[in-house]
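First chain A sits with chain B, and in the next complex the same chain sits with chain C.
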Partner chain A sequence: MAPLLDVRRLGISFPGAAGSIRAVDDVTWQLEAGRTLGIVGESGSGKSLTGLALLRLLPAAAEVDDASRIFYRGQDLLTLPEDRMRALRGGALAIVFQEPMACLHPLLPVGRQVGEAVRRHAARPDIRVHTQVEGLFAEVGLPEPDRIGRRYPHELSGGQQQRVMLAMALAGNPEVLVADEPTTALDVTVQAQILTLLRELQEHRGLAMVFISHDLAVVSSMAHDVLVMRRGRMVEDGPMQQVLTRPRSQYAQVLIAARRRLHESETDTGHGDAAPEPILHLDGLTVDYAGRGLRTAKVRAVDGVSLTLAGGRTMGLVGESGSGKSTIGKAVVGLVRPSGGDIRLLGRSLAADRWRQPRAFRRHCQIVLQNPYGSLNPRLTVADALMEPFVTLALRPAEGPWARMVAGLEEVGLDGDTLSRYPHQLSGGQRQRVCIARALIPEPTLLICDEIVSALDVHVQFQVLDLLKRLQKSRRLSLLFIGHDLEVIRFIADDIAVMHQGRIVERAGTKQVLEEPQHPYSRSLISAIPRLAAA
Partner chain B sequence: MTTVLTVLWHLTRAATLIAGITILVFLLVRVVPGDVVDVLAIEGGLTDAQAEALRANLGLTVSWFDQFRAWCIGVLQGDFGESLRFRVPAADLLWHAIPVTLRLAAASLLLGFVLAVSVSLLATLRPQSVFVSLVDALNIWSISVPTFCAGLVGILVFSLWLGWLPVLGNFLVPVIILGVDAAGQIVKPLHEEMKELGTAAYVRTARAKGLHPLRIVIVHVLPAAAPVLLAMTGLIAASFIGGALTMEVLFGLPGVGSLAFNAINGRDYPLIQAVVLFLAVSVILINFATDLAHRLIDPRPER
Partner chain C sequence: MATSSEPVDDPAVRTGDTGSDRIRRGGRGMDTIRRLPATLLFSLVVLAVFLAAVALGSVLIPQDPFEQDLLNRNVPPSLEHLAGTDNFGRDVLARLLYGAKLTLMVGLGGVVSALVFGAVLGLTALAVGQWLSVPVYGLIDFIRALPDVLLALILIVALGPAISSVMIALGIAFAPFFAYVARAAWMREMAADYITVARTFGAGRLRILYRHALPNIIGAVITLVAVILPRCIVTESVLSFLGLGVSPDTPTWGRMIADGTPLFERAPHAVLIPVLALSTLTLALALLGNHLRARVDPLRADERRRKTDR
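What follows is the complex of A and B.
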């Protein structure tokens, strides 16, 4: 029997003045009815373009090779007339994307948006559109399916928004569902729910699915077969279990090993210190964000958090988005003003009179932020960026600033040539290294890392974490490591504090929290972590 | 409760704005050298003594503060004073001028709106077509050709050479000139916004539903571009209410623009103040309507 989808020699390029960029190169795969193919790769690997090409939704600038073929039920989708392609789009071939908030029209009630798809494809002309929409909402597990359609996207949670997107995709009664990073923008517990829903839908409806993700662990829980892509090429393909246990390509081996090593790393508790002195002490810290205008009330982001971080230790601060974990980091470095409680750094109280601290004291606490693309000024060279702490903190190193900058870069694994570069000439991992170098140049006692590897690809994540761990040992830094990825936290942290709705609900050694979580919220958080399927 | 507070807050702001504008204009017209009596003296050859008597008679010899107080009390009682030159209530003059201006402004705005929306819609739908050039052509026209130039040429061509339309009292030519001018101002930002929105994730979702491009542009792209459309239309509407002056003067339309022009020339203080008060209230009403329309379209809380 011929496969449902048969992709042959798919090639996509972006022609430009400086030569064509090859985004997808010679990709071939098949998908049988009712099966799931996982496509794994880092950003820029061409995995999403491969998915978009199936529905001919590629950006206007993209060009598909003449030799490429995508057969669906014997017809080549790439040469199909546009009106016939439109009938398939959202009909037999459906897609869900990442970031459902951005994918739903902000000005239309969600019921209308789904109804539009129902009406367009008229898969069940005998049933009223309204009734069908209600049925779809019930099928994807939305609460009050008869009423939720009147709501607007911003009135729904991220998980509910993605369920609406799924309802929309199911409206045309599809045979193939392309899921392009459907859970990437969601919190880990919500991710687990959406993945379960996808599996159920596939089973009930007999969907064939193309599941695209950067996260091998997520893909391993969803897919029968897997395709690993890198820089536009397929580097590995085969049944999921076979790829996990006996990866042929070096790249797949690295990906799997990185995941495993994160997972299996033993945190060495205790550094042989009898009683390490506390570096940072939070006492009932409270932060409110002011509401805007007359109508909105204040939002309490951090609600009476007390926490002590000892010298040379790493505290992992975990929680879902909106739990207040980043706000704590910002409050410690003084980017937001606490509305109550106290912050003591090296015994000095910061909450009350931060600006009365001597300039030199501020060097003790530095921060590295999540997005290395946004946190380096694109118009400053690396040298300019690294020069800033010397100016703002009035540092006067004996060896001179330049030598210190070069030493700082070497410490994070970059060479002195990097100084003359601009951020756009560096990769994401290199940029984050520059940010770390900038934070370390003042020789801080406490380094706050706010989701510093979330924007990086998996194997780069691993390198940055390794580097951080090494630096921490050699410098005896204290780290406050804020993150949502528990695998990353497991790798780096000695202790974990779990945050939920502005409060710390559990605090203990890393091993204990991850293996025997006490609080129900920590338990649900930990059970939701996607893991590599047993191999 | 919060809604009531918000409305009260907006009303207070509007009232403060109107008060500020009227006080400012009240002072400005008096700072300008020469008053209505000077104008009448030149026209009618009054002696100094006659002029002084007239000034006293018109109430111009009392202090500015007293004049302002008298005027305010009048306004609160619905009396906008009497035109110093024409000796008729300023409100009557204004009342006759408003419909003329409103008709001109509304017709021009409608033409501009429809023209701008349809051209940018077509240009978005067919990015390779002539409509994209038309967007730029309209925009460059509105920037580079002042309406009074187009007006003069219009009179020359249609009235004097072709003899199609009467020179004065004509309505169609100014409407077309103002409408095209408005379209040129709206069409460029609107088209840019719609182009930008064409790459938005939710427009990609609409394509993924298999919708027809025309439906995507009308149902998904255009409403999302409405804030730009509303803001531009509001600005232009406000400028038309008071600023169709050159067109009104050129084509002899007895609207608010002509009235203001004559009032300023003749230093006719009560008339100027009445016109300015009308303009201030109109502009605030237009802004309020734009805000309201924006809120009706966008259900999200203000950011």
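What follows is the complex of A and C.
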């Protein structure tokens, strides 16, 4: 029997004045009905383009090779006339994207948007669109399916939005569902719910699914077979279990090992010091964000948080988006003005100074932000960027700023040549290293890391975390590590504080929190972590 | 497609392209000229001709731009009068060359003062804080609400007729364009993470402005100069036409166009030649502005270099 989908020698390039860029090269795979193929790769590996090619939704500049074939039930999708392709698209072949908010029309109620998809693919014109939409909403597990259709996208949570997108994809009774990073934009617990839903849908409807993700752990929980891509090429393919246990390619080995090493890191509690001095102490810290307009209520982002961080230790601050964890970091470095409580940094009360940190004091606490693409000025060279702390904090190192900058770059594993580069000439990992070097130039006692690896590819994540761990040891830094990825936190943190809706609900040693969570919220958070299927 | 994995697949990184390379590549002489893009070459040639005309105008052309010859009115271009004569029998080419200097002075003066009143004042106010930026932008909104020619008229009457008051009036009338572009760019910059980081290093407001934000704002402002300069030249002609620009006898390009328009059917050359001169100059300035912007922008400079390398 012929497979449902048969992709042969798929090649996609982007021709340009400066030569053609090869985005996908010689990719071949098959998919049977009712099976899931996982496609794993880092950004730029061509995994999304492969998914888009199935629906002929590639960007206009892309060119598919003449020799490429995509057979669906024996017909070549690449040569199909556009009107017949349109009938298949959203019908037998459906796709769900990463950002549900960006995919839903903001000014139409979601029921009408799904209704449009139902009407478009209805076999007969006299169907009752309303009942169909209700049925789909019930199937994807939305609450009050009879009434939720009247709501607008912004009135729904991220998880609900993604469920609406799924309902829309199911409207045409698809045989193949392409899911392109469907849970990447969602919080961990919501991600777990959506993944469960996808598995159920596949079982009930017998869907064939192409599941695209950068996260090997997520894919391993979804897919029967897996395809690992790198720089447009397939580096590995086979049954999921086999790839996890006996990866043939070096790249797959690195990917799997990076995940495992995060998992297996020793979390030694106690550095031998009897009672290390507290570096940072939060005492009933409260932060409000003013609402827009005079009468709008304030939003309480952080609600009476008390926390102590001892010298040379790493505290992992965990929580979902909106839990207030980043706001704490910003309050400590003085970017946000708290409305109550106190922050004691190196024994000095910031509330007593009316939250104004004296310039000389600022060097003790530095922050590294999430997005390495945004936190370096595109029009300043690395040297200019690293020079800033010397100027604004009036630092006068004995060996001169230049030597100090070179030493700082070498410390984070970059060479001195990097100084003359602009940020766009560096990779994401290199940029984040520059950001770390910049934060370390004033020789801070406390370094706040706000989701610093979540924008990086998996194997780069590990390198940066490893670097951070070494720096902490050599410099006796205290780290406040803010993150949502519990695997990353497990690797780096000595203690964990779990935040939920502006409060700390649980605080204990890493091992204890992850293995015996006490609070119900921490328990649901930890059970939602995607894990590699095989041990 | 951009790869963000290490090591990077970026030619500039791979070849270890550094500042010193760039200087070496710069070269000198004919070689450099041949490598210039055609558009830049065009704008440089036009500007060179224009500047030569400003400097040598009266030397090259024997005719007196003021001398009236009522027997030879509205004569089409001939050997004696290369660009023909106007309604008073004055030589169009002589007036064009003579007027180039004033046109350039008024245009540049207007743009520079608009840049100072709009962008410099606006950005400084934004950097200093709300207590200053709110009233400053309130005033700018008020200026924008008035028709620019009317506003310029009032200002010239108030300041007294002189070239300097025309420049100031044009500057104030066109300041809102610069102020709005500067504010939009400033808002975008303030949301960037690198500004946040600069704040954690204790950088002051004005330092954030000139060190971190300005390099990203300057490109938009330079482009706007190229757009506003010709508008200043044209507005000056309207003011001259109303008798409030530079003295009515003195030829400027705008004034020549304004004077010639009613007689377009009888003497089209008297309008078309200054119009052609004005639009060629405008185009040259716009292209030059574009190139300048690419030059101050390391992102685009790199792109361009990569293209010429292959």
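The working rule: the second predicted complex is superposed on the first by the 520 of 535 C-alpha atoms of A that agree within 3 Å, B and C clash if a C-alpha of one lies under 4 Å from a C-alpha of the other, contacts with A are read in each partner's own complex, and residues count from 1 in each chain.
Definition applied: a residue touches a chain if its C-beta (ideal position, glycine included) is under 8 Å from a C-beta of that chain, and two chains touch if they have at least 3 such contacts.
Since the structure is predicted, the reported quantities are computational estimates derived from the model, not experimental observations.
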Mind checking chain B and chain C on superposed chain A, clash or fit?
-> fit
Thinking of the overlay built on chain A, is A:473 touched by chain B (first), by chain C (second), by both, or by neither?
-> neither
Examine A:105 and indicate which partner it touches, taking first as chain B and second as chain C; both and neither are also allowed.
-> first
Answer with first, second, both or neither: which of chain B and chain C does A:150 touch in the superposed model?
-> neither
Between chain B (first) and chain C (second), which, if any, makes contact with A:95: first, second, both or neither?
-> first
After superposition on the shared chain, which partner residues are touched by A:87: those of chain B (first), chain C (second), both, or neither?
-> first
In the superposed arrangement, does A:73 touch chain B (first), chain C (second), both or neither?
-> neither
Determine, under the contact definition given at the top, whether A:44 touches first (chain B), second (chain C), both, or neither.
-> second
Is A:117 contacted by the first partner chain B, the second partner chain C, both or neither?
-> first
Determine, for the superposed model, which of the two partners chain B and chain C contacts more residues of chain A.
-> C
Could you look at A:168 and tell me whether it touches chain B, chain C, both or neither (first, second, both, neither)?
-> first
Just how close are chain B and chain C at their nearest CA atoms in the overlay, in Å?
-> 10
Hey, which residues of chain A end up touching chain B in the complex?
-> 55, 57, 59, 86-91, 94-95, 97, 99, 102-108, 113, 116-117, 120-121, 152, 154, 165, 168, 171-172, 292-296
The residues of chain C that touch chain A in their complex are 1-10, 12-13, 16-19, 192-194, 196-204, 207, 211-212, 215-216, 297-299, 302, 306-307, 310
What does chain A use to touch chain C in their complex?
-> 14, 17-19, 21, 23, 42-44, 46, 49, 231, 333-335, 357, 359, 362, 366-367, 369-371, 374-381, 385, 388-389, 391-393, 417, 420-422, 424-430, 435, 438, 442, 456-457, 459-460, 463
Chain B residues touching chain A in their complex are 2, 5-6, 9, 199-202, 204-212, 219-220, 223-224, 297-303
